Amino acid sequence: MDLVDLAAIEAIKKLKARYFYFIDHKDWDGWRNDVFTPDASMLVPEDRPEPRIGIEEIITYLAPILEGVITVHHGHTPQIEITSPTTATGLWAMEDVLIWPTGKRADGFSGRMQGYGHYHETYVHGPSGWRIKSLKLTRLHVRPG
Amino acid sequence: MDLVDLAAIEAIKKLKARYFYFIDHKDWDGWRNDVFTPDASMLVPEDRPEPRIGIEEIITYLAPILEGVITVHHGHTPQIEITSPTTATGLWAMEDVLIWPTGKRADGFSGRMQGYGHYHETYVHGPSGWRIKSLKLTRLHVRPG
Amino acid sequence: MDLVDLAAIEAIKKLKARYFYFIDHKDWDGWRNDVFTPDASMLVPEDRPEPRIGIEEIITYLAPILEGVITVHHGHTPQIEITSPTTATGLWAMEDVLIWPTGKRADGFSGRMQGYGHYHETYVHGPSGWRIKSLKLTRLHVRPG
């Protein structure tokens, strides 16, 4: 690992830190401008088997779902591999806590939901720095309460 | 990011790691000698709107409150910016768990309290290395149970 | 801290990330081949006062205990010290969540158990890179529910 790789790894850690800060503050412009590529994809197999493609589709889907929901997303122990000067992969452990207000969910659930899993990601480096190009979330466990 | 910056970022991550280890072991000398500057400030707006100023005032306030309380503080995904050779800023996601024994709190609460939020910090580099100069804790959510 | 030390610290962080990923996926070959030295020791004083010595003894003990148990292990804010070109120490904050199925435990407990503590570790660098040589887990708190 040389200095360029170490600097890229730290930059990608900070990129993912912005991902977390922005989602938990519902700052979708932050995601749009400082986190994802315009053509980024997000895949949550437990939600649906196909990825959502494009940052606008991702935000259009997520923003209304999370409006009024308290969310906490934490990431842990990244394994980041710099695969070329402009590409990288990452694997992050994660935990999230969502507190759903009454009447928000179609299935009638309200209250606290806690989940654990991993983000499997790819990154690209462009004119504005490192960005998330693809994100897949797998789950170890999800539980209410 | 050059080597000096990367080394400073790693040093500040370890500084914050000591913050967590010492608070959860009630090692206030550790905070005094290895974590904070003598004139450090701590602001927890949900506790009171003014910061506590000076490490002795901080410890005088916190040590008796946390005596006999089991505490767990964890920090995640830091965004550290080195702003000069001797100054830096940091933003950390955090979670804490406190288990209050019966009879400890004036409001009668006992048992488990879990919180989520962010530390907004500044650091300075002096003769003993990096130290926390100011800490502000904001909250996403706090819940009993 | 020079470039060699910074690269070693990042490599050890990734080593510990593999430890977590493999245990939570019950990938014992991963532990055997990519995480521990053959003569590694694991000490969990709350479990028993003597360490288990050797990766095969560790796996022989842990694999059947954790079969069918959902586990989540997260590590935080490492303090890694490179003590020579081939040795290092590490201190990690940790949280784990285990969900025990009915009938698994001899004491009759089933359901969720959540714990907090610290890993105190040593590492060695050999022909395949950094490996965990010894691990001791101390606890701040363990609770059901």
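Each chain gets a letter, A, B and C, in the order it is written, and its residues are counted from 1.
The rule is short, and it goes like this: a residue touches a chain if its C-beta (ideal position, glycine included) is under 8 Å from a C-beta of that chain, and two chains touch if they have at least 3 such contacts.
Since we're looking at a predicted model, the values are computed, not measured.
In terms of the stated touch criterion, the partners common to chain A and chain B are C, listed by label. Residue numbering shows that chain A and chain C use the same positions for less than half of their mutual interface.
Centre-to-centre separation of chain A and chain C, using mean CA positions: 26 Å.
Within chain B, the positions touching two or more other chains are listed as 3, 6, 76. Within the complex formed with chain C, the residues of chain A that make contact are 1-3, 6, 9, 76-79, 91, 93, 95, 116, 118, 140-141, 143.
Put simply, chain A touches chain B in their complex at residues 3, 6-7, 10-11, 13-14, 16-18, 20-21, 24, 70-72, 74-76, 97, 99, 112.
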